[in-house]
Each structure stands twice: as structure tokens, then as C-alpha cells.
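Two complexes follow with chain A in common, the first pairing it with chain B and the second with chain C.
Now for the complex of A and B:
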């Protein structure tokens, strides 16, 4: 049995931990706080700009997709589908054709796989739709979303503000507050009673993503039946329910397959092992009481990129890897990090670690630094995830590849 | 200024803490940790009274700090704000009372049979609820007739200088109020396990860690307790003797709260913090190989393990798990809930009880669906709370370990 330590509990870390545990190995997942998954739209973007399956074969050799390999991506997606099916939170969609979903600002988000409640909002589905906001929720404005969609040539049938059946509320609602309410069947009954008269003539209704956290698929089906129409959700500002639901599903499965979670401490250093320091034999965790050594046969870094704390951009122009200070591929000098137009591809978004096709980080000469240290997810350089629309696909594929190699 | 307040500006308002908060999930009386913490902190003037009192609904579980990816000490900010709130308002007799488990233990243990019978009588509970606001549905522990310290007088040492044996294989046991006055059998088994594994156990002088005082906003008193413990424990820690505790909240006080929340500085408190270990943390670090060699007896049972919030806040995961998993035939399920709701003394309060109970509902449901023989949890107040609301026995993981090692209570 191999003892694996994974640093980072976002999509990459959680997914990798499941892969390790379900092959019967001991895995510890350590993370300082909860990951970016909770802030995400909760879909799986693979390649936004064209048909994903075709675009991937034409990428540069240093692109994470090419390093992980197409087989890893397909195997990862298969496992992802198994996980979400078993959790009764299915993700319709496919790698050969993107869905086009509305964002809260009324932009168009191409994505390969989306939970059913989001996938039902496909803008090219042909069914007319209405967008509705919910009183007391400040994080979604249907008028704004509708006007931007209309500017892009998408027909929006109408825009509504729906009331919530409460006499008195003590404070503004977060999406999570509403989701907890929608988990209750008596609440859904009451909501349906109040909303139904306002929804006459509407076949498809888009709402901010608030339809339940514990059993969202059931909440969706139940509410659709009560209202007699198709519902779809649009992810909001955090708490982003679709991201949160996916995290809950992965976390619960990880817990039940024996993943040991260590939540809170920062990984502050590594312990080098035998063979002239070519192996990592453990890490140092900064716990509330003091530093604690945690040994492992294999370490997988899944700490994410600039948005997640895996990369730290310093005032003096250095870009550092936050846990082990591994070499990062970047442009020296802050002036090179961005371009003059904020909407263009930004150089900084491609910064990160360089790895070989075994997902081992490389030194300046292109040689692996440690035999048993692997990197996956947002920490990898060589991809502009925002412009490509490739973030979650890279996370899953590289996690799969790293685990596959690490466990041999 | 206290350090946690400096972390206020690290908050990006990402709401990860809001989504994780078990209290905000069940009541709109509490607007969430971000709202009452880093956000409201900006409106709290050092010399003006607190503009908003909703922070009082925080149960102090600490999940907000643990899930924050940006290093904001959310829970600490909230506990400090609760302390200020208490200073500005009058502290109810009830809060004074439940904040002193040690004092209660000292008074009640000599008359334990009488005290236990009378305090658990229904009219007595009714009266306590009506007069001072202790919920009659909340569990109240049973006092012991003979406290642990009296049972182990020969192991009580005032200073490490009096210890005659091998100091390298000695641990100092921080038993806390619970193992001394309420569950001395737990303390006995702790000592037995450590001795079986080749350690001498000494019991240094100590008083209540001060957590119940701190949680009820009585910071000055909590600080006095902390100072006393620091004075007594520092000589042991400085001799290199690990301080081991089985109550996860007491050990967290020694490791974290004394410095970060009570603001105590100095070499002594630092040494104590780095020398303190949770019981299972100690075993998995110091006697890992010996543990792996133990042949545990089979325990044919279905159980659920719920790691309490205060243990999770140590940032060490759940070290008991690796040992429980070594016990043959013990079918172990894991809690899918973050918090049982008890919140130390929170759930005892009449006005807080419904909220606390609803927080625990997820765990209670999971427990009832699994048809278990018993539940396992490290924290005493959580154990009493879960036992009361599920009707199942709830053990400390060390009791299960002791049973699988043939150590009788």
C-alpha cells in the first residue's frame, strides 16, 4: 500500500484523492482552507472555443492536456461521470459538443459538462426562456443578464422579480440561505403556490442558482413538477451553489472511501529523503500548536495557480511556488505580466510549473527534481485557462495522469 | 491590539465561511461568520459600544477560520467581539454558572450521589430552566464521588524536579475538568494505555483551562485560569515533557487560544503550546511503531466516528482514525456533519437550544439511519449531547482503544 499525501482540496486535489483511495491506497489530503471549487460555476470546462475533442490534438507539446494525454482526460471524465451519477447529481453534456450557458452578467459560457439544472439553460436549446430574480437576493439581477444576452442576439422572452413567501427577514439573503430553504419540501410548496400565478405562459425559467444543497436533483425535479415548467439555474457570486454541491459530493465520497482530511494547516516545507535528495520523504505542516512532520511515499501538489495560492506573485517581480519554492516558469519583471488590454490573453495566466509527461516538476535543465513529487491542476504552466475555457478539464486530466504515474 | 484583528483586511468576502457555518444554515438570527466577523469589525469602535449584537449567536465551533483560504481568523475575531459584548452587558447568573465546571465539580463531588440525583430530577430541570434559563433538554453531566486526582495521588507532581524516573519516557497529563470531576474512568484508561505503551504518566497541578469562561465572554477570569496553568505547566514543558490531553478543547486552549484569543505572550506560553498534544496525536507521532505492532482484540460492532470541531481546529486531521481502523471487526462509519451543535455550553442555554439542536439534526439523522451500536467522539460536551439526543452510548475513541487492548475501566 502506497501512502500518498495530496496538498490542496480544490477540484484537482479532491479528485486525485478519490483516485488514490479507490485503488486501495492510504491518502491524506491537507489544505489550508477550502478550495476554489466553492467559488466556481461548478461545470466542467474542457475547451471553450471550439469542439473540445478536435482542438486538443493540435495543442503545443508543453500544454498540460498534451502532457497528461487524451487517454487520461477520457478516463478522468469517465470516473467523474461515475462519481456524479452515483451521487444522483448527473452532468449532461459531452466532450464532442459544448453547451452554451448564460452567466449572471449575461455572457455566454461554453462548457462541456454541466449539472442538469444548469444544462437545461442551454441558450441554443430552442425553447424560449424567461429570467427571474428573487427578492432579498442582491447577487443576481435578471434585467442586467437579459440585456446583455439580448445584445448578443439571444432572445429572452421576459424578465421577472419573484417574491419569497416570508413576512419578515432579518437580513439580506445569501444564495446559501435560500438553498437551505429550498431543501425543505414545505418551503417549495409555499414558493410554488406564490410563484405559479406569475409564471403563466412561461415554458422555461432561469433562476439564480439557489435550488438546494443537500439533494439538488430532487429539489429541481420537485419544483419543476409543482410549477409545471422547465427550470434552469445560473451560477452567482459566491457562495456559488453549483460549485459548493460538487465539493460536497467529492468530499463526502472521499470521506467514505477513507481519505484522511487535514484541514487548516499550511504546508511550510518538505523533508528530503534518500538518493541524494532526489526523493521527498515528507512535508512539514504548520499546525496551531507548532510544526508537525507528515511522511509519505508520494506527494502530489494540487495547490492551484495565482487565484488559489499555489503561485505567489511578489511585489519585487518574482513569482514563487508557495509550498516548496519549486522553480516557476514566468517573465522576469512585473511589466511583462499583463498586456495593455484587460480583455486580451494575459501572459501571467500561463505562468506555472513546468513538468514532464509524468507530471514531475522540472528544473532549469529540464530534469525532474524529485522522483516521487507530482504536480496537477492550476499550478501547471503552459495554459491560459481563462481564454481557452479549459480549467476543469486540465484539473481532472492532470490529476488522473499524476495518480496513474504515482501509483505505477 | 490582538493579532486576529489584523487579519480582517485579508478577507476577500468570498463567503466560503458563510457557506460552511452550521449556525447560519439553520437560523437567520445569525447572519453568518463573515458578516459579524471581518465585515462588522470595521464598525466596532474601540471606545463606543457594539453596534450589532448578532455575534452572540455564534456557537464558537471555529469552522469559519478552518475553511478560510486566506488566513482570516474569523472565529477568533468573533470570540473577541463576544467578549466585548459581555463586558458591555450584564452577564447572566446562568452564564457565570456554566462557565465554572471546575468550581461546580469541587462543590458537588463530595456530595455526588445527592447532587446527581437532585440535578437530574425533572422538577429540578424545570426549575433550572424557568429560573436561570438552562434548557431542560440539554444534557448535564454526572459528578463523580472521587475525582481522578484523588485516585492517582501518587502520580501528582508539583514540579518536574520531584520526578525520579526516566524523563524521556514521561508525559504530563492535562486531564481537564471532565476527566477529573465527571468521567474519571476516562482518565484512568488514558493512564493505563500510556503506561502499557511504556510511558510514565505524571499529573501536574492544573485548573480548568478557561474555555467555558472564554466562550461566555468572561475574558478576565479566563486569563487568570490561563496564567495559573501556564505557571504550573511551563516547568514540565521546559523539561521536554510532552503535555497530553484527551479533551480536544482543553488542549486547543493550551495550543492556540491562550496566545491568540487571550493574548498571552512570552516564552512559557509558547513552550506549552508547542509541547501540547492531543492524546491520539501523541500516539501517532511518538509511538507509531509500537501502535502498529499491537494486536488489537476484535470488536464486533457498528459505530460512527464524529471528530469534534475543536479537534478539527487543531489542524491535525483525526489521528484517532488510524488506530480505530486497526481494530478488527469494528465497522466504522464516518460522520458527514461538520458539527453536532452542542458548542460546549451553547446548547445548554434555553434561547440557544433550538438552534443547537437543529445544527445537530443532520448528525442525529445519520446516526439513526445507520443502526449503530455506539457512537465515538473525542469531546466530552459533544459526547453528552449526542448521547442525550440519539439515545446511544457515545465513547471517547480511547475507551474503544482500551477495550480492544483489554484494559478495563
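Now for the complex of A and C:
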């Protein structure tokens, strides 16, 4: 049995830990923070700009998808679908055709897999739909979304504001407040009673994503039945409910399959003294009580890119990898990292580690640095995930490949 | 043909132009002011925020020092709501010239700039974050002044007194009759229409643009432009203005303004008033200098950087004498005297602190030339505070905290505690649905997240108020403006913040895939 240590508890780290546990190996997941799932839309973007299955084969050889390989991507998706099915939070969609979902701004989000409550909002589905806001929710503006969709030539049947049936006259709600209410069946009953008269003639209704956190599929089905229509959800500003739900599902499964979590400490990489520097022996946890060594046979780095702390961009113009100080591929000098518009592609987005097709980080000469260290997810360079619409696909495929290689 | 005629046309809506227009209103003149941008788009909205005590100029420019000392007291009387009485300290560090503090202190006393020496122990009790290795400390009457509040207040007063303030109107031509200016051709930038305003007298108060505007009347006003960059830190480790007690140079002052501490400034010659790009070395320099005064700044997050452009008069030989340095005190050019052109005065340079005095001096000259006997009343006329413009974060918090949870208002910008009601009111009052104007008025999006969360909400609210306006048309420029302020600081936590903004606006909201706004 191989002892695996995974650093990072985002989509990549959690998914990798499930894969390792699935194969009956011991796995410890250490993470300083929580990863980026609650900042995300909670869907699986594979390739946003074209049909994913066709676009991927034409990528540069150094692109993470090419390094992980199509087989790993397919296998990863299969396992992901299995996990979400079993958690009763299914993700319809496929790699051969993107769904086109409305965003809260009324732009169009192409994505491969989405939770059912989001997928039912596919804009090319043909069923007319209405958008509804919820009074006093600060993060959803149905008029704005509808206007932008209409500008793009998409018909929105009507726009509504639905009340919150609470005695309390608060003017301020977050999506998470509402999600907890929707988890309760007597609340849903009350909502349905108040909303139903306002929904006459509506077949499909889009709401901000607030329909429950604990058992969202049940909430969706129950409310659809009570209202007699198809519902779909639109993710809002962070904390985004669909992202949170996915995190809950992955963590729940990780705990149930025996993944050992160590959360909180910052970690520093540790090299095996007996291997001439060719192997790592684990990490050192910087705990409150002092440094603690944690050893493992294999380490998988899933610390993410700049947002999650895997890469550290220094004032002096250097970019560093935060655990083992591995070489990063980047342009030296702050002046090169960004452009003048936040909506353009940013040079820094493509910076990261260079790896071989075994997901091992490489040195300047292209040789693997350590025999038993693997890298997956946002830490990898060579892809502009934001502009490509490829973030979650890369996370899953590279996590799969790293585990596959690490466990031999 | 003029569509409108007035007695006085003021060109430029910074502190100087608005000050002149307000002074003229109080003297009973009919006034129109035109400004090509929004309030505060020139230097007045990009300045350092210091209400000068005069201390910074006692050696280099004694006249300015005296003017500042007097005007500091006047402004505390007439616009107290725009000022935070932070007080100021002048610190000598071990690397500064050892004889300077004594010379400096003597000059303060001679010029009537109030200053008092305190022990370093007392200074550290006042401001524990100061570098403990300072050798001497003096206390002065510095303050910080919110220029947006000031400009809004002045505009409201001018309108109340019957004057007009036209934003987004640019003077493109000055029309002469013989050697007298009689009218200005003005482009309304929202509609692209051209109109003509006739006036008996014109004041060119266009700051760094003063040379360009003067050239519309074929007059040469040689101006050198000096760009100064500033960095706002996300926290306020000091609550007093911190100056370095040494011969004035770059990077020697920290001003606490609102929720941030602003480090400044550099001085780089540029070619255009709009050349405000900040170089990485400027930021590195300002942070390094700031750390000398307040070491813990090394661990704080820089939030935003911006630059303002100073117009410096660079007269030809003979006009001011060869040996004098380029003066930084106010320049008032009477073009009748100087160029034989009637009806135009240019005023530029100086400080925001002495805007009232500059306006008084200009209007005295205008009245003399127009044969009007009215005298200046601005020094003894307090400006009414507009309820909307009053901004202090603790006051906003206090207001929110006394409301019961039942009618707790919706907070749209959590960093600066801007409520939905405030945004709705600002949008109704504003002449456009421009989110950046709402920002300048309410500080929307000025806090640690730099609009990452509230920009979307504000766009949604704006669209509810004006469903016919191009949907979210104001969102992209607003985000781009915030982004520009972070780019020079794009490393470490600031770059992470920028990445978070991109995750939200590109991955979650897909803003980049919206169809182009239709005009």
C-alpha cells in the first residue's frame, strides 16, 4: 500500500484524494485554506470556446490537457459522474457538446457538465423561460440579466420579483441565508403557496442559485412539483451555492472513504536525505505548536495557482512555487504580468510549473526533479484557464493522471 | 451665434475653477463653469489629500508656507465637513541632514506656521507604528481633506447661488473680436453637439491643460508637466500626517485619508496632462521610503496607485529671471497685461489647500478689469454640507449600527458600507448613470476588494433605475478603472485580488462575452 500525501483541498486535491482512496491506498490531504470551489460557478468547464472533444486534440504539446492525455480526461469525467450520481447531485452534459447557461449578468456560459438545476437553464433548450429575482437579495438582478440576454438575441418571456415569505422585514439577504431556508420542507411549502399564483403560464423559471445546500436535488424536485414547472438556477457572486455544494459533496465522500484531513497549517516541502535529492520524503507542517514532519511515499501538489497560494508573485519580479520552491515558467519582471484591461487575457494566467506526461515537475533541462512528486491543477503552467474556459477540466484530468502514475 | 451669454465663463472644474465660480457667485456675478470630464477628473481628484499646515514650504517657498498656514485655518471654518483633523508630524530620521530641523523650526516660527517640538517618546505614544529610530519630532496643523467632498460641496453651492456647472463640456475654440475674447465654442461630449457661450470675461483654470487652452487664443503659456505618483495602502497604520523633516524631496510624506494611508509622491516630467502611467520603480521607491517612516508598511497590502499631473510655469528668460527655480506657487497670468488680449486670465499651479485664496486673487483682478466694485466674501462664508457628500466610514457604521435588524438597509459595497438607498439616490441625482461618478461620490468600490463584489450589484441597481440605458454599459469601464489602479501594484496579495476579480467577472459572470453595448 502506497502512502500518498496530497497538498491542497480545492477541486483538484479533493478529487485526487478520492481517486487514491478509491484504489484502497492511504491518503492524507493537507491544506492551509479551502480552495476555490465556492468562488466558482460549480460547473465543469472543459473547453468554452468550441466543442471540447474536437478542440483538445489541436492543443500545444505543453498544454496540461495534452500532457494528461484524453484517456485521463475521459476516465476522470467518468469517475466524477459516478461521484455526483452517488451523491444524488447529477451533472448532465457531455464533452462532445457544451451547454449554454445564462450567467447572473445575462452573458452566456458555455460549459460541459453542470448540476441538473443549472443545466435546465440551457439557453438553446427551446422552452421559453422567465427570470425571477428574490426581493432583497443583493446578488441577483433579473432585469439586467434579461436585458443582456435579449441583446444577444435570446428571448426571455418575462421578468419577475418574488417575495420572501418571512415576517421579518429585513432588506438584506445573502444566497447562503436563503439556501438554508430552502433546505426546510415547511419553508418550501410556504414559498410555493405564495409564489404559485404569480407563476401562471410559466413553463420554465430561472432563479438565483439558492435552492438548498444539504440536499439540493431533492429541494429542486420538490419545489418543481409544488410549483408545477421546470426550475433552473443561475450562480451568483461568491459564496456561490453550486460551488459550495460540490465542495460539500467531495468532502463528505472523502471523509466517508477514510481520507485523513489536516487543515490549517502552511506546509513546506521536505526532500529525502538518503536519495541524493531525487526523492521527496513528505512535508513539514508549520503548526502553531511548531514544525511537524509528515512523511509519505508519494506527494501530489494541488496547491493551485496565484489565487490559492500555489504560486507567489514577488515584488522583485520573481514567481515562486510555495511548497518545494520548484522552478516556475514565467516572465521575469512585474511589468510583463498584466495588461491594461481586466477583460483581456493576462500573461500571468499562463505561468506555472512545466511537467512531463507523468505530471512530474521538470528542471530547466527538461528532466524530472523528483521521482515521487507529482503536480496537478492550477499550479500547472501552459494554459489560460479563464479565457479557454478550461479550469475544472484541467483540474480533473491532471488529478486523474497524477494519481494514475503515482500509484503505478 | 451664442446660445447663451453670461458675465463670467470659467473653464475647468477642479478646485481652482470651482473656487473662482463660487467666489464670483458671492460677488453677484452671473457665472457658467464648463468642465470636460466629471468632477475631480483632473488633478484635484488625483491629489495627495493633504491640507497643508505650511510646514512643507517654510524653507523652499515661504510665501506658499504663509498662504497655506492662513488658508488651513480658513478652510477649517468654511468646509469643516471635508476635513479630518489628523494633525501632522515632521520626523527627522538618522539619515537626514542633522542641522535641518533647527533651520526648519526657526523658519516656521518666523513665518507664523505653528509648530511645536515633542519628544520622540511622546511621538511614539501618539503613533506607535513610527520608526523608533527617529531623532526629532515636531507637531504641526496638517489635516486631510477629501477633495471629492469639496468639489461636490462647491458645485452645490454654485448652483444654489444661481451659477451653472456643466460637466462633460469641453472648450474647443476661443472666439476673438479684435483683441478681446467674446465667446467660447463648446462641445457637449455626451451628444457631440457644438454650442457657443458668450461672456464678458473668461477664466482659464484648466490646471495642467492651461497651456493648451491658452493656445486656443493663440497665446503661449509655457508649462512643464510634472507627474506625481501615489500609493494607497489598504490600512491606516498611522492616523497623523507623517512628513519627513528634510529638504523637500520625493516620497517623504504619508497622509491618512479615509480608510487608507497614502504614500507620495514622485516627480517625473511628462508630455501630456493625461500621461499618468506609473512605472514599477516609482511604486518600489514610494514603498521603500514609506517603510523608513513606518516600518510595518512592509507587511501591509498596497491597494491602489494613481498619479496626478502638476503644471509648472516655465517662463522664457527675462520674464521671471533666469536663476529662479520653476515656482510651485500659484501662477495668475493677466493676458491683457502680458499679451494685450482683453477678457482672459489664466490661473494654475498652487495647491488645493489655497484654492480659495487663488480664487480670491483671480476674482479681485477680474473685478478690477470689469469695473465691478464687489469684494470677496468666501473667507467668512461657510459652505453648506450636502447630506449626500458627507463621507466618513465610522459615521456610516454608526448609522448602520443604530438601525434595528428589522430595517437594516441593504449594504451593496461592504468595504465602504455603501447602501442600496445611497446608490439609488446618487444615481437619480447624477447627470449620468456612470458608476465611476457614483464611486467618486460614495466611495463605492474604493475599499480592499476594489469593486470586485459591488460593481456587479451597482450595475444591477443602475439598470433597474434606467432599464432603457445600455444594459451594464457602465460596468466594463468601471472595472477597467479599478483595474488600472491595481496594475502598478500587481504582485502578492494585490495580484491575488485582481485574479479574484477576474474569476468573478470572467468565469462566473462571463462579462467578456457580452455583446458590445449599443450606443
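The rule we apply is simple: the second predicted complex is superposed on the first by the 399 of 408 C-alpha atoms of A that agree within 3 Å, B and C clash if a C-alpha of one lies under 4 Å from a C-alpha of the other, contacts with A are read in each partner's own complex, and residues count from 1 in each chain.
Operating definition for what follows: a residue touches a chain if its C-beta (ideal position, glycine included) is under 8 Å from a C-beta of that chain, and two chains touch if they have at least 3 such contacts.
Computed from a predicted structure; not experimentally measured.
Asker: Is this a clash or a fit when chain B and chain C both end up on chain A?
Answerer: Pair status: fit.
Asker: If we overlay the two complexes on their shared chain A, which of chain B and chain C does A:238 touch? Say first, second, both or neither.
Answerer: In the superposed model, A:238 contacts both chain B and chain C.
Asker: For A:341, select first, second, both or neither according to whether it touches chain B, chain C, the two together, or no partner.
Answerer: The second partner, chain C, only.
Asker: One more residue to check, A:288. First (chain B), second (chain C), both or neither?
Answerer: After superposing on A, A:288 lies in contact with chain B but is clear of chain C.
Asker: Which chain, chain B or chain C, ends up touching more residues of chain A in the combined arrangement?
Answerer: Of chain B and chain C, more residues of chain A lie in contact with C.
Asker: Give one of first, second, both or neither to describe whether A:306 is in contact with chain B, with chain C, with both, or with none.
Answerer: Second partner only, chain C.
Asker: In the superposed arrangement, which partner chain does A:143 touch: chain B (first), chain C (second), both, or neither?
Answerer: second
Asker: Per the contact definition in the header, classify A:174: touching chain B only (first), chain C only (second), both, or neither.
Answerer: It touches chain B, and chain C stays clear.
Asker: Given the overlay on chain A, how many degrees, to the nearest 10, lie between chain B and chain C at the CA centre of chain A?
Answerer: Here the answer is 90 degrees.
Asker: Touching A:66 in the superposition: chain B (first), chain C (second), both, neither?
Answerer: neither
Asker: Could you look at A:103 and tell me whether it touches chain B, chain C, both or neither (first, second, both, neither)?
Answerer: Only chain C; A:103 stays clear of chain B.
Asker: May I ask you to decide whether A:278 touches chain B, chain C, both, or neither, giving the answer as first, second, both or neither?
Answerer: After superposing on A, A:278 lies clear of both chain B and chain C.
Asker: How far apart, in whole Å, are the nearest Cα atoms of chain B and chain C in the superposition?
Answerer: Minimum over all C-alpha pairs of chain B and chain C: 6 Å.
Asker: Please report the chain A residues shared by its interface with chain B and its interface with chain C.
Answerer: Shared contact residues on chain A (touching chain B in one complex, chain C in the other): 36, 39, 169-171, 237-238.
Asker: Tell me, which parts of chain A touch chain B in their complex?
Answerer: Per the touch definition, chain A meets chain B at residues 28, 30, 32-36, 38-39, 169-171, 174, 176-177, 180, 237-239, 244, 252, 255-256, 258, 260-265, 285, 287-290, 292, 308-309.
Asker: What residues of chain A sit close enough to touch chain C in their complex?
Answerer: Contact set of chain A toward chain C: 36, 39-41, 45, 103-109, 136, 138-141, 143-144, 147-148, 151-152, 168-172, 235, 237-238, 240, 305-307, 312-315, 317, 333-335, 337-338, 340-343, 346, 348, 386-387, 389, 391.
Asker: In the complex of these two chains, what residues of chain C are touching chain A?
Answerer: 280, 284, 287, 405-412, 420, 453, 456-457, 459-461, 463-464, 467, 471-472, 475-476, 479-480, 483-484, 487, 490-492, 495-496, 498-515, 518
Asker: Touching residues of chain B toward chain A in the complex: what are they?
Answerer: For chain B paired with chain A, touching residues are 14-16, 18-20, 24-26, 28-29, 31-32, 35, 65-71, 252, 255-256, 273-274, 276-277, 281, 285, 312-318, 321-322, 325, 334, 336.
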